[in-house]
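This is the structure I have questions about; it appears just below.
Letters are used for the chains, namely A, B, C and D, taken in the order the chains are written, and counting of residues starts over at 1 for each.
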Amino acid sequence: MDFEYSPKVKELQKRLNAFMDEYIYPNEAKFYAEVEANRARGNAWIPTVLIEELKEKARAQGLWNLFLPQSERGAGLTNLEYAPLCEIMGRALWSAEVFNCSAPDTGNMETLERYASEELKKQWLAPLLEGKIRSCFAMTEPAVASSDATNIEASIVRDGDEYVINGRKWWSSGANDPRCKVFIFMGKTDPAAEKHKQQSMIVVPRDTPGVTVLRSLPVFGYDDAPHGHGEVLFENVRVPASNILLGEGRGFEIAQGRLGPGRIHHCMRLIGLAERALEDMCRRTLTRVAFGKPVAEQTVTLERIANARILIDQARFLVLNAAHMMDTVGNKVAAKEIAMIKVAAPNMACQVIDWAIQAHGGGGVSGDFGLAYAYAQARTLRLADGPDEVHRNQIGKLELKKYK
Amino acid sequence: MDFEYSPKVKELQKRLNAFMDEYIYPNEAKFYAEVEANRARGNAWIPTVLIEELKEKARAQGLWNLFLPQSERGAGLTNLEYAPLCEIMGRALWSAEVFNCSAPDTGNMETLERYASEELKKQWLAPLLEGKIRSCFAMTEPAVASSDATNIEASIVRDGDEYVINGRKWWSSGANDPRCKVFIFMGKTDPAAEKHKQQSMIVVPRDTPGVTVLRSLPVFGYDDAPHGHGEVLFENVRVPASNILLGEGRGFEIAQGRLGPGRIHHCMRLIGLAERALEDMCRRTLTRVAFGKPVAEQTVTLERIANARILIDQARFLVLNAAHMMDTVGNKVAAKEIAMIKVAAPNMACQVIDWAIQAHGGGGVSGDFGLAYAYAQARTLRLADGPDEVHRNQIGKLELKKYK
Amino acid sequence: MDFEYSPKVKELQKRLNAFMDEYIYPNEAKFYAEVEANRARGNAWIPTVLIEELKEKARAQGLWNLFLPQSERGAGLTNLEYAPLCEIMGRALWSAEVFNCSAPDTGNMETLERYASEELKKQWLAPLLEGKIRSCFAMTEPAVASSDATNIEASIVRDGDEYVINGRKWWSSGANDPRCKVFIFMGKTDPAAEKHKQQSMIVVPRDTPGVTVLRSLPVFGYDDAPHGHGEVLFENVRVPASNILLGEGRGFEIAQGRLGPGRIHHCMRLIGLAERALEDMCRRTLTRVAFGKPVAEQTVTLERIANARILIDQARFLVLNAAHMMDTVGNKVAAKEIAMIKVAAPNMACQVIDWAIQAHGGGGVSGDFGLAYAYAQARTLRLADGPDEVHRNQIGKLELKKYK
Amino acid sequence: MDFEYSPKVKELQKRLNAFMDEYIYPNEAKFYAEVEANRARGNAWIPTVLIEELKEKARAQGLWNLFLPQSERGAGLTNLEYAPLCEIMGRALWSAEVFNCSAPDTGNMETLERYASEELKKQWLAPLLEGKIRSCFAMTEPAVASSDATNIEASIVRDGDEYVINGRKWWSSGANDPRCKVFIFMGKTDPAAEKHKQQSMIVVPRDTPGVTVLRSLPVFGYDDAPHGHGEVLFENVRVPASNILLGEGRGFEIAQGRLGPGRIHHCMRLIGLAERALEDMCRRTLTRVAFGKPVAEQTVTLERIANARILIDQARFLVLNAAHMMDTVGNKVAAKEIAMIKVAAPNMACQVIDWAIQAHGGGGVSGDFGLAYAYAQARTLRLADGPDEVHRNQIGKLELKKYK
């Protein structure tokens, strides 16, 4: 047992932090200003010039495709090695894309890498790894409680050499981005099969007739442009039968495989976000004076800072352990640990950010400090990929199994 | 002791509920659509046609200026009688204006009624009571922890027959509204006076040279248009000396007098908002099925519904008691009770709405159910008019006084 | 709506407080010393001389049998009038008996008053009202989750003119007291009947052959002597058929009727207990200095005192409202409100007392300040008469009913 | 970074678990029965025959003095290696003594090992390591908030070749044990010195004239016999000047050095205790049926089991990391981490045990399942060695330091 990062990780952290210091933090205002200017001109969904420029720099420094473990196409990092880098990227919500490490592309690339044919890989994985196109994941549906994935109603019906796809999906993040060229779509190929064999995943090119992005969904008033979250209609969308991943009825299996790494990435980014909120809280309260002394010296502030430090450090160990388990025993054995971080990290982040908001007074809920936005992101992750309650039920059942 | 509303109140509740049923709930989508259309046309700050139309109807039904106790200019209701009506209005966030009962106008009208000269009343109170103009309150400053009101730095300097006003204020809600014609401004007339005699309040016409609305502050990602929250610069703004309220050095005293009723209104509206969120949660969970049965039948859902019911009912009694005390012993004696509701109601509402969000899955954070917006409002009220911590400190000190 | 106690209640509060000041608070140490001395002599279950003496005084002052509403045998108080007196008694855990107002006798007397024959009343209610004997309630069973009352397994079988009773009960408070002369026993007369008609209640004299008090159950490390909580075995216990209350199959109905008032009494006593803990916390923190200033001046202390004040006041209104509803619409209609207080008050008390413990340092968990004992009592009431979860389920279901 | 225990640790865990299975768990009832029998005979403070017998067995198996890192007198384990063994011992509250690993002896032995003269080691450390005598730590005082160690008032005054000691101490655990032969005492040698140089520690043989054990303090009604917590009076107690540890004015320094390992031991034992409570909760809820299905299948139960699992695992990593830091960078650098576990672990344990209590119904607060007793222990550790608030203040200040 050893709680220190390896020299390899430390070196990567150093390089990534240096990049953040040189290119990300100084450009935060610029990024939001560019989006705002695009919005004012009538289209907030345009990719920013800034990110495209920074992508070049990151790639030149080898800070590119850091995710993708166990593949020669990635940077050769394990989940445990990559996780602490996610934490750093999480400190600035838009930065992951600069390193071609942003969701849902990472999950989609990992899915293609593991489950797609060579043909599909060539067509879609290659340009994604190049950062030339982006992608979308279409699973959640507005009409049903999709946290119970067996509820999903979209249909994928074989018709000769093609599949015909119908369904309405939402929370398809990135669907509004003009660079989004491909969807990975989940739906039922066989509603009569046993419960976990009904679903399949299939690759759907964005420009296939019948695919309509209906609208963008805000979270807490934020449109999250230029990325955003689409509601997408699929009407009689026809794709080649070869676009199916792994085979009919294996959608559930892919979903399980895909979600593990994604949760680790999300959770570690939330830890970075929470660290930054705590840092903001410390800095702010050291300089604001109320009732005769700095807010930082009030014991209620000290209590919260202390609790935030405890919560963050605990959550980090939990996530790193889950990454370690995924690397060593696989995400099937690590199912409980992966579910645990999905509950622990977003709740922790919501709490820490909420304290930071409170410490900033009215500024905390405004746009001036980024905290309300951070909260909206963290809060959303208590729902994305299944609400807390679903994961806690799963954890509870796995725990009870020991005693049955 | 009697926990039932009086016949007078019940009759008003009935009439107000009928109005809500006929004119407010059916127009909710229309209201937001009108604002959105204005925003799309480049100006979200335009007053809506809808509200102006509904104001006529409400006034015709005598549902007008229901606040203002102890004044023949109001509807003759005590705080305790008015409070349950606030709860009903709070169910739709934009509805209070329809009844000319929306903040900050209510607080400003009450302030003018209690502390302004007849001349000022004629000039500003009369059109406000008519719903012809709107108003603004300029107290909080971005540069200092304004929750400690003694920190406020804006200056009001006597110069002959005038006062010269300088300062930067934010969270001046409604400053963006073109109908806003007047500010009540708080600042220091005598920085050398004893701590609670330094501040004064003064009436500042919106069109006085030197008043600049710099921007609108969002809460979370919402601009709260067409009302909004302004940051306002006052540079060498000159107003007649007679615009001062009550006299130099009495700003703190006015603030205390003003804040009591405002807190009751806010808190009761939050109770209405929480009731509606609970109702949404019940309806939603009854119809969504996950893992084989309606979400409403899961015991974790029942737990939250039960806790929400307990929290709401407790908070309501607390607020009604504070209103009763304000009516009977005045807000000085009721200082502790008024501070208590300021802590209890927003925290309750945040919790209840958060549960409702969770029960709605991804829809909960979107714009489709109004819950994320409701949360943003409730969360902001943990800060507006002083953060929780300031109120709790005051309550704690008042409690300890018993034993000194 | 009126939040002030009636003149009648205020006068009773004054008299009861005067009695507490003169006879209860000054004798607290004496009471525990007498019990301790009895324990040291080998029998802690002996009734104390102190309480017997004080009973005379209380009775002489008319502070006797204050509970029992709607009966000429009681003091003529409604639940709403009696509730605030319970709060006062709750400040000293052993004081209720002095006024012949202690559980489970109050509940048993109320049960006999409402449901027993004149013969049974004469035999058992009369001496109970005189404070000459005590009684026991035998419902909960160790072998089943008794919170689901339909689980109860004890049997009551008709045999000629008698019923034959078998079962094992626990948490039969007071069974160890030599003055305990009678049990009210719940069990199944007809296991084949519909679910809520299987149970009956029957009066069982303590000295009937086959009744064995097996042991006393501690709560945390307290035996609660001289009252205590018995585990009792009933083996082929024979009582006259006329001892049945209300008739076969009506046990559930009686239980419902009985529990309402008991919950109000318990909850109000907990409010008194919490008030006293808060008072202790204030006094203690005002006098203890740490890190350069009184603990009372640390903002974390002020936060807790404030929150305690809010929690207590909220809970009190909730309980008083439930009492009011029980008086006006009956406990069937008030089922939700009665369940709500059963959840709210013990949880509130646990929280407030826990803060008080923390403020007392090591002393808080010791026997020196009574706080750990108070906590044990409050914590137990989260389970007695059904755990929180059962009540929350019921509340949730009742709330959902509105929308079905 | 590696989250697996080393082979050495795994082997020790295996051996220790085997010992627990063979000798501890099967003897739990026997242990408490022996104490109870002693209590019934008038003296609960007699050492149990059972533990003395088991000590022989543990020693024979090499499961002895496992604590004491960096000393040839110990078992050669680092803190990180010993910590997981503490967790196992923590599952049965009385078991640590069997392995000569119980507080306060471990802390006292570590203190003597690090800071005592060879002479004192020979006299006191040797028999302690043999398990022949026991010892006591006298620091906390009833008269002052001892969490601020500078408040401590006891005096240690040089008089020729002796020190004269006066003071009243409480929470001197083990003082009642007849085997307790020596105290380590903290008091002021120089009240005029700078704040952190006033205190010294000195060795006081139990039988020195002037040492009086006044009473035993209960926690939540438990006397914790045969160990217990003494209040001890020191009146003009004279000991040789050579009994001082490290030198005058270095008491604070020793306290800091001493407390680190002790916190790790306590925290890991609490993790074991919480694990066992969770196990009890799982087993119980799987077998109890309420409202038609096992309590374990109610989602509220699953939520708590899941949260318990998350809380426990998080806390364990935090404690192990602190142990690792203590081994690698020392407890001065690890001050924040050590303070963090002191807050995190007891609060976690209280929460988990509280849920387990709730899941056991009335049995949970009784003596039948050990849960109320476990709660009392965990709750006490939120106060022992400084209340949460003191540690959180320290953590908060250390965190803020980064930004000053």
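Here, a contact is a pair of C-beta atoms (placed from the backbone, for glycine too) under 8 Å apart; a residue touches a chain by one contact, two chains touch by 3 or more.
Because the structure is predicted, anything quoted here is derived from the model rather than measured.
> Under the document's definition of touching, what chains do subunit A and subunit B have as common neighbours?
Intersection of subunit A and subunit B contact lists gives C, D.
> Compared with subunit B, which chain's mean CA position is the farthest off?
Most remote chain from subunit B, centroid-wise, comes out as D.
> Counting C-beta pairs in contact, does B-D beat A-D or the other way around?
If we tally the C-beta pairs in contact for B-D and A-D, the bigger total goes to A-D.
> With centres defined as the mean C-alpha position, give me the subunit B-subunit D separation in Å.
53
> On a C-alpha centroid basis, what's the spacing between subunit C and subunit D, in Å?
The answer is 37 Å.
> Distance from the CA centroid of subunit A to that of subunit D, rounded to the nearest Å?
43
> Which subunit C residues sit where two or more other chains touch them?
298-303, 389, 393
> Taking the touch rule as given, give the residues of subunit B at its contact with subunit A in the complex, in rising order.
Listed in rising order, the residues are 140, 142, 144-148, 151, 170-171, 217-223, 288-291, 295, 298, 300, 357-358, 361-368, 372-373, 375-376, 379-380, 382-384, 387-390, 393.
> Taking the complex as given, what residues does subunit B use to touch subunit D?
Touching subunit D: residues 298-303 of subunit B.
> Touching subunit B in the complex: which residues of subunit C?
Residue list for subunit C touching subunit B: 1-6, 9, 80, 278-279, 282-283, 285-286, 296, 299, 301-307, 309-310, 313-315, 317-318, 320-321, 324-325, 336, 339-340, 343-344, 389, 391-397, 399-400, 402-404.
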